[in-house]
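One structure is given here, and the rest of the page talks about it.
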């Protein structure tokens, strides 16, 4: 479903919560959510109003791309690009089921066409290019479409000289597209290289969970890298590592805080402060006018590039 | 004394060895040398003919700048530059003796004006700019003169588009010139930055011992870094570290082999193979003619620079 | 290669025939009449051999690619330039033996060569982590990539790795970042880059030295987004579906060539590179030099754009 | 600064006078006639105070520079921009608390700020290694220097360190290279770099963030090629010659200004920066902004050449 439909349906859900009458199980479950961490039973609407962060223990619930976009962008400013890009089945991949069937299933579950939504938006009135992955769709796996959408978004941001913000949440590359998925790591990184050479800002936001090919490409290439509290982030999965080194790993291994301690992320930012932090970072990196003389050289560079395109 | 005198006196020493008659103690000592490592008593001339490497245990004796130059360069090709640069006493430094007196004493001991000799030479018929430090002069400490000579040599190499080879052997910065010595780290590194931007080759050779400010500047900035076997190389001295961490360090700590294991040097090369290795590296990095098309850009760059100067 | 090639499982029928022939030959002296049988068997043997290698399954290619006697990076470098100069270390605390870097001549050309090394002896294998580089290994390679850019030297990389090492310190030292930065920096080089998959091309750990203008694969080498074992256990939830996984992922040289990712497949000696190191090395060398000569006609900026365009185009999707 | 400044050894006479005054003031209520004595003592106190700080020995400056209540990097950053954004990590396995990096506003300007941090509490001090950075700290700073270059932001560095940490792993992770590379890269930046010695400028570990277009020193800060203790033990072979070493090395702000290395000395509140953090921070801020405004008139290439020329000129020698 597209954004408008989603906001509409979301509206409907809220209304059902207001209806005063005996609840069906679904309605009950829709109404109440238990915190995975502190086990507290939370009123779903309060949870949503708290950006899906447990008011008791600050546990950050995994959220979908649409919620994330709603949280990060100014109302009605998000314009999706490439909404209709869909995977094909280049390998005719079949394990216990065919890739097309699995795609259909994923879309049924997530209501999304693919594991990322990209578009242009405003964040605290600042124009930006925003891509948000959704773990709920196909485990947020990166196939040709995710790679292409990230690349196109990067190119769009470069062309419009906008800051680029990518919110990652992924299990890694999509096996069903084989080597084509792997090559998306190179494609996206290559686009980011050209983007970086223009002196433009890229903020990478890592959310629960970010692993494999996504971490090993655009997610780790931000000028600034922000992680959400408690998010698990890594290249290899915990189980694989434990099998390899034949020993148990610390409980906080690969958490945002653990990465911070190991110098892998710039900031760990709570969801409530995320939008404001991103806005401040964008604002900080926007060249003032008039720019000091030593910025001149970069301006010239930018001009020649503009001529090129 | 300058190179010619030195070679002459060296000739004389050799002759005395040939005289057949009862020896005085000095003559005996001149004639025989005991290996620091295997304790073997070696005939000094054999030792010298073996480049001051013990034939029994391969221990690499510390050698002076003049011997090093003789070993590395083609006969009679070394032309010294800035031979007359000498330290002044900018701080009027006096500890238990005055800096000028210590300088005079150092020169008496080493027969050199300063702790480095720089010049242009040929190595296996290849033109190169060569600087060699001498630990025997003032502990190879870097003051204004060493910094200035390294910088001028770097500039000369850049202007003539020659590969730069620096052989380090130093206890660190020269305290008697205070902050001026420290600033030589920045001066030499800054010159090497401009040199590197021209796409020219710098080979750094680390010999026993290389420490402190020299290691923390030009010695660690080579495109290729070569260490002599057994040479001790580091930033802080072993004693300081042991006092700081309050524990004994491994015996091989800070040896060339230890650095190799820790990824700090490209190669550990025996003295017998040093000249040949350096020559091969220079040859390898010399652009062929005609150069392939993708080299063109660099040529253009070089030309514009030439115009500038 | 001193030792005689160890036969693989699918080569057993061939091995049996060979043994029969040997047996008969031993009796030949006393029974000259056997030599017709021998001749017959020899014919059978040659036929079987050709047919066997003409219709290999994906998992057979995998077996050859992983053959313990498969030539490794050092075997190639040694044969290409007997006095190549190995350069060590990331300058920051480690020298990863699983990633070998050096300067070497290939015919008339000088190249910066980088390759993963599996290790031959057990001790060797352990030091090389069985060909799985640490982040420090990728950072050593990156240093050499920048060296190549500075001195306008082409880069040649040899890929033979199960993948980047999945260890605790590897994660703490940011394995993901080490790979990602290499992808970024390789895509920006203005000197030619040629990547050759000589054995296993395992996932991001392979791609980290594989962002090249031209990608070549040895005939029996494989390249995949995840190890077949990993794929089988995740998608089939069963370790004995490896063969299916191999087939489904399309990981053989020919298949990947058909997908438009590989620019050339390099012939191996019949039965695999381990049957003749010299021939394998020579074939690879010729293919690399050919690509380099072609690329050397282009300007620095063209080289860079060529590489970026190559990857920009990769992907299968529809605009529904 | 909540707590009252702890007096240093050379401040004892001053402290005694202050105590006498306090004592008399307590009796003032019963003996009004004392107030003339108090007035007299107060005058004495003010005179002594001025004279004391007007002829400080090098070792006195050192004592003030090392005063446990001396304002540290975070104290300055906090006062310059209450909502400055700290950025962490070298991206390769460590985040060294001894080297604080961040983005902050100074007046109308946006700068990348980097500084060594000694740490206040004992636990804090230990984490910060008493202000002695690890190689990873210098590499975090380098990452921020490149960030500044990319986004055309000036760099401001605060120096207060006994030196780079002399530890075993520090050596294994190539402390020397970390410093050397920073010297090289800083000299190549095309954005303005301002370095301020706020406390101790200790050797290469200080210079690693000190290759700047303009170097400023706080009035009582010191800058030397080696710690006075190190100098004394090596040259005098005695630990109690520290005062002589301080004097001989010419390490005070004024002396180093006379040597033409420092471009400005920043006034401290009488008695030292620890008497008033806000004034110290404000003075430093004004001096930095002034330098930045001057530099911002120059082009990128001029900025770089200016810095390189500054260091190219440093050195005292004769051509005999």
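Chains: A, B, C and D, in written order; residue numbering restarts at 1 for each.
Methods note: a contact is a pair of C-beta atoms (placed from the backbone, for glycine too) under 8 Å apart; a residue touches a chain by one contact, two chains touch by 3 or more.
Fair warning: this is a prediction, and the values are worked out from it, not measured in the lab.
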Would you mind naming the chains that touch subunit B and likewise touch subunit D? C
Chains adjacent to subunit A and to subunit D under the stated definition are C
Which chain pair is joined by more contacting C-beta pairs, A-C or B-C? A-C
Of all chains, the one whose CA centroid lies most distant from that of subunit C is D
Just how far, in Å, is the C-alpha centre of subunit C from the one of subunit B? 42
Subunit C and subunit D, separation of their C-alpha mean positions in angstrom: 55
When centres are defined as mean Cα positions, the distance from subunit A to subunit C in whole Å is 35
Just curious, how far off is subunit B from subunit A if you go by their C-alpha centres, in Å? 54
Please list all residues of subunit D that touch 2 or more other chains. 91-93, 172-174, 177
Check each residue of subunit B and list the ones that touch at least two other chains. 196, 220, 262-264
Check the chains against each other and report every pair that touches. A-C, A-D, B-C, B-D, C-D
Given the complex with subunit D, which residues does subunit B contribute to the contact? 82, 84-88, 90-91, 93-96, 113, 144-145, 147-148, 151, 173-175, 177-187, 189-194, 196-197, 212-213, 215-221, 234-236, 240-241, 244-245, 247, 249, 253-254, 262-264
Per the touch rule above, subunit C residues touching subunit D in the complex are 91-93, 135, 139, 172-174, 177-178
Residues of subunit C defined as touching subunit A within the complex: 164-168, 170-177, 179-181, 183-185, 187-188, 203-204, 207-208, 210-211, 223-226, 230-231, 234-236, 244-245, 248-251, 256, 259, 261, 307-308, 311-312, 314-320
Show me the residue ranges of subunit C that touch subunit B in the complex, using the header's touch definition. 83, 85-96, 103, 108, 110, 136, 140, 147, 150-152, 190-192, 295-303
Subunit D-facing residues of subunit A, complex: 196, 199, 201, 220, 223-225, 260-267, 277, 280-281, 284-285, 287-288, 291-298
